[in-house]
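Shown next, in structure tokens, is the structure this report addresses.
For reference, chains read A, B, C, D, E and F in written order, and residue numbers begin at 1 within each chain.
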Amino acid sequence: MAETIINVVLFSMLVLTALALVRMERLFTIVMLAGVFSLLAAMLFVTLDAVDVAFTEAAVGAGVSTVLYLGTIALTARGCKPSVRPSTVPLLVCIITGAVLIWGTLDMPNFGDAEAPAEVHVAQYYLTESVKEIDVPNVVTSILASYRGFDTLGEVAVIFAAGVGVLLIISRMPGQGRRKDKEDS
Amino acid sequence: MAGGTEAVAHQALEMTDHLPVLQVLIPFIAAPLAVFLGVRSLAWPIACAGAIASLVCSVVLMLATLDGSFISYHLGGWAPPYGIEYRVDAANAFVLLLISATAVVVMPFTKASVDAEIPKKDHTLFYACFMLCITGLLGVVVTGDAFNVFVFLEISSLSAYVLVSQGSHRDRRALTVAYDYLLMGTIGATFFVIGIGFLYMATGTLNMADIADRIAGQGDNRTIQAAFAFILVGMGLKVAIYPLHLWLPGAYNYAPSAVTVLLAATATKAAIYVVLRFTFSVFQPEFTFDTNVLYWIIIPFALLAMFAASLIAVFQTNFKRMLAYSSIAQIGYMLLGIGFFNLSGLTATMVHLFNHSITKAALFMAVGALVLRSGSTFYDRIRGMGKSMPLTSAVVVIGGLSLIGIPGTAGFVSKWMLVQAAFELGWWWMALLIVASSLLAVIYVWRVLEVLYLGDTAEGAQHKEAPMMMAGPMWVAALACIWFGFDTSLTLEASRVAANGLLSGNAGMAPVPTTAAGGGH
Amino acid sequence: MRHHLILRVITKILVGPIILYGLYVQFHGDFSPGGGFQAGVIIAVAFTLYGIVFGLRAVYAVLPPWVVHRLMALGLLIYAGVGILNMLSGYEFLNYGAFAPNHPSHGQHLGILWVETGVGITVTGVMIAVFYAFAGRPPRMGDDDW
Amino acid sequence: MGLVADILSWACLIGGSFFTITGALGIVRLPDFWARLHASGVAESGGMILIILGLCLQAGWGLVTVKLIIIGIFLFITGPTSTHAIANAALVTGWRPKPGTGIEQKDTPPFYDVKEPTVRN
Amino acid sequence: MFLVTLIALFVAMALVLCRLYTGPMVYDRILAANFFGTAAVLFIAVLGFFNGRPDFLDIALLYALINFVGTVATLKFFRYRSLGDARPGMD
Amino acid sequence: MTTGDNELMIEFLLGHINYWLFVVLMMTGLYIVIVRGNYVKKIVGLNIFQTAVFMFYISIGKITGGTAPIFPTDSQGRIRPDPDIVYSNPLPHVLILTAIVVGIATTALGLALIVRIREEYNTIEEDDVLEIETKLAEQENRIHGFGPGGGA
């Protein structure tokens, strides 16, 4: 019961933060709220037993992203214009997508059901056999690095691609950047 | 089971057993190697070597799977569904061959065009990205694991965003189209992930064959149907199915020439392959839900793409953008083949995948050469270049004819198959529609040819023929267009085997592999 | 940040322990949450902190950009190299059992250790490179934009 | 250990909770930035130390306590540093607490979200 | 007992979020976010004890670290308008 | 409706409300992406969208009364399995670790692109950029002739 209460409270905070984000117009505030959002998400991950994910989400969502966002804002602009576009079509798209999603959830097993198909097939194998086969206490690590090690190789490649990409896109100095800078000061 | 106790008596694997993974691994390693060495002059040779090795692997794989068998490779030695499985049957081998062959053919062209369009300092990183893009596409095609598809899809997509943005050295609009591409691509990928999550929830596994097995026993399950919808829409964004195509014209138009060639010839094809794989091997519509749903969803969109995109292409004044819209239209034909849902239709899709790929490769390479010499692809800038650049313009002619589907070119074969499939279903009006949309293609191709050959040369233009590094690959692709127009044995045979495998549903993804390369499992 | 004596001192005190903590997360990932990726981020955060407080030039002196670029690729090569080593000894790609044929779980331990090291190195490299790229670009906003 | 430690730790936890809530209330209710800074600073340090202490008493000796102590030390260093940094940033950008009234005054408030007429980009 | 502390932390977080949403000054928000971070660290620590798995304190430690770096980055951002080298004449 | 039905209904609602809340979060993120014209804010929306999907995945793996899938060890570091403990499903955690990394990679790339866009266009509002590009396209159309779909 206590867990449910914690979940629900975290959820309402998450939803409130997301809704607050929709109407914020100062980029700095948006970034800070996004940081808080991922902090809340990470707390939710802890309550859902995904400690590794919480660890990563905290490091990435609240740490790296925040620094990146700040760096971007420092290089671009501080605010965003209030939206003037009609919002009916986007709203409709969102509602339809959400409706399909909810329609899809209707046949799902209950939250936390230990007999759900997702828990009994492959996952059960990992939990029972990894002690014998890999002998590492953290099952997440053994799946990540060994059973699905190739996915992780792909993940590292994605990160590498992002690094290469960022270098390609913004590591070269813009031609007049320095000069203009001196004029400014 | 895998690992554990039986590993003591492990049966050593030969190098040939590793082919499925080497196929992806060699270009994969080329990327970090180029960055690690950091020598600019070595980047291109490394990339080239990776592409060629990959092509060799795919040729061997193709030959091994032509008899309808398939090869299963257990990464990490873990038997599926516990580990990730690489599974090559005729369908993937065909697309693998297509991708790696395109990569090899465009490599010399890439060298020439990159030298002209990208600052020297960035070459190493550029080739690394290029190789990562190819790796991602190969990985998407070869894998038999649903989540692994997502990971490799993102490798190729992320590098594709970067590659497109490199067009900003010529036109700043490359940045905004790259951003739009990133946004839509990520939304598509996230939809795909949602779909896989739903599938996992309903089946408890991520291995495609295993999912197919478990879906077949479930009957009518809303979770699975929603999963199908999300995977289809997510992939539709990557394929650029007509109403979801918005990123494509800009991305093709403003990307560096070499990147456009790569994306047009391979990226959407790999995405279509994923759609095929999921629709037929994983979901198996005849088991999961009414196949009529497919007819009513896919065919209208296909027709919309064929006509709307062709019509837009007719009115373009920019060669590259015209080709982009024509690509969207041609994607419509492939979808139509899927929508027919019979052997001929699927064969037509597979053949068209290949034929359109080489056609577009030839055309976009020609465009690259025109850009190199004239600086722009607007019709009034390339006017009359048929005289000053006869080799390049001849390629445009061949490619254009193949695009229309004139007999004797590759494009004819696939359209003929498509018409045949329509007749098999008794839909003669559909055949008429296919012919009608080909007439639109006649118009837009004619406009280009008119400009190239009949127009006066723009004043003061001193154009030379394209350099050999460009003309060579271009002609290879153009001759392939003609070759596969006459000799259809390889393409049709491979496509038919592939389509058969796909249509046989569960049989194509049977849990027991015929040629296991997984050691003693 | 010449005037921020407090921050400078605190940063100097903290950077070492943060990297130490990163290494702990890296090599203790088998037993508790964490692993290569998280460790890489933490170590990169240490350098980021140093760069923010002491300026980019100071952190370039510790870790020049070209080293960072090599690190990015090195980690990936280590990861793939582990798999290739397995392949060369007649096992499947990334089958760490090859490291200790008679005792597969030892091989798995060794493999996981190396693989996680590769992940950590690449992530450290990429995160620092991205920070360098963003922080090293001169801002072009006029003062009135603030 | 036993009962005494339990009671002590509970007292610490309750005290810590009290401080934290007080600080949060202060952040919400106090009239201006500098006063809120004060509330946050006090609660962050006081509440944090008490809660960590309570947890330490619960955990007994072991790795967990060591980690808790490390967290405590870390927060003890960084909390005030952060508060200092925020105050310093506010001070440098032109905000001054007005002596006596507790309400800062400045002709052109540069960082108000609500009052700024247009946001330029 | 841990539950009481958890609830107290929740109340504190909710209150602080109100300040975060309403502002009005940017520094109010930074302050609120900072406080929120500290509360989150404590929350995770207490939650570990509540669930009987107190060995996951690493996450709390990471939070504390990230929170600090975030605040320093914010400070640098506001004080010098850049995350890199301060612009000439700004020091 | 009998009481048994009622109980089932309530169980169903409680068991699914989590999923629906994730859907609400996802759609909020998607809405921000589609409707907002600011490039940075779009990326933030994308992050929220993705994070909500991650939460959905993690909630697939949660088992009531379960605990984090890390086995207890003795002082030598050997695993001491305890048959009484129920562990939550570790597989979604692994998948989401990968997905988070992909997400941050995308974010970094997107932000880098935004920096360049701002340098070239001097704005990060989509509407302004579109305006500039429409002008460019019109200019091109004047020179090279009309082409629909030109510009953006």
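Convention: a residue touches a chain if its C-beta (ideal position, glycine included) is under 8 Å from a C-beta of that chain, and two chains touch if they have at least 3 such contacts.
Given the structure is predicted, the values throughout are model-derived calculations rather than measurements.
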Next on the checklist: So, comparing C-alpha centroids, which chain is the farthest one from chain E?
Outcome noted: B
Next on the checklist: Looking at contacts between chains, which pair has the highest count of C-beta pairs?
Outcome noted: A-F
Next on the checklist: Let me check something: if the centre of a chain is the mean of its CA atoms, which chain is farthest from chain D?
Outcome noted: B
Checklist entry - From the C-alpha centre of chain C to that of chain D, how far is it in Å? => result 31
Checklist entry - Approximately how many whole Å separate the CA-defined centres of chain B and chain D? => result 56
Checklist entry - Which integer distance in Å separates the CA centroid of chain A from that of chain D? => result 27
Checklist outcome for this item: Where chain B touches two or more other chains at once, the residues are 3-4, 28, 31-32, 35, 75-76, 147, 151, 154, 158, 161-162, 165, 194, 200-201, 206
Checklist entry - Got the chain F residues that touch at least 2 other chains? => result 30, 60, 67-68, 70, 73, 77, 91-92, 95, 97-98, 101-102, 105-106, 108-109, 111-116, 118-119, 123-125
Checklist entry - Out of chain E, which residues touch more than one other chain, so two or more? => result 13, 23, 26, 30, 55-56, 58-59, 61-62, 65-69, 72-75, 79, 81-83, 87
Checklist outcome for this item: Listed in rising order, chain E residues that touch chain D in their complex are 1-2, 4-5, 8-9, 11-13, 15-16, 18-19, 23-28, 30-32, 34-35, 38-39, 41-42, 45-46, 49, 54-55, 57-58, 60-61, 64-65, 67-68, 71-72, 74-75, 78-79
Checklist outcome for this item: The chain D residues in contact with chain C across the complex are 77-78, 81, 84-85, 88, 110, 120-121
Item to check | Contacting residues of chain F [partner chain A, same complex] | outcome: 11-12, 14-21, 23-32, 34-38, 40-41, 44-45, 47-48, 51, 54-55, 58-73, 77, 79, 81, 86-98, 100-109, 111-116, 118-119, 123-125, 127
Checklist entry - Residues of chain E touching chain F in their complex? => result 51-53, 56
Next on the checklist: For the complex, give me every residue of chain C touching chain B.
Outcome noted: 66, 69-70, 72-74, 76-77, 80, 83-84, 87, 89-97, 101-102, 104, 108
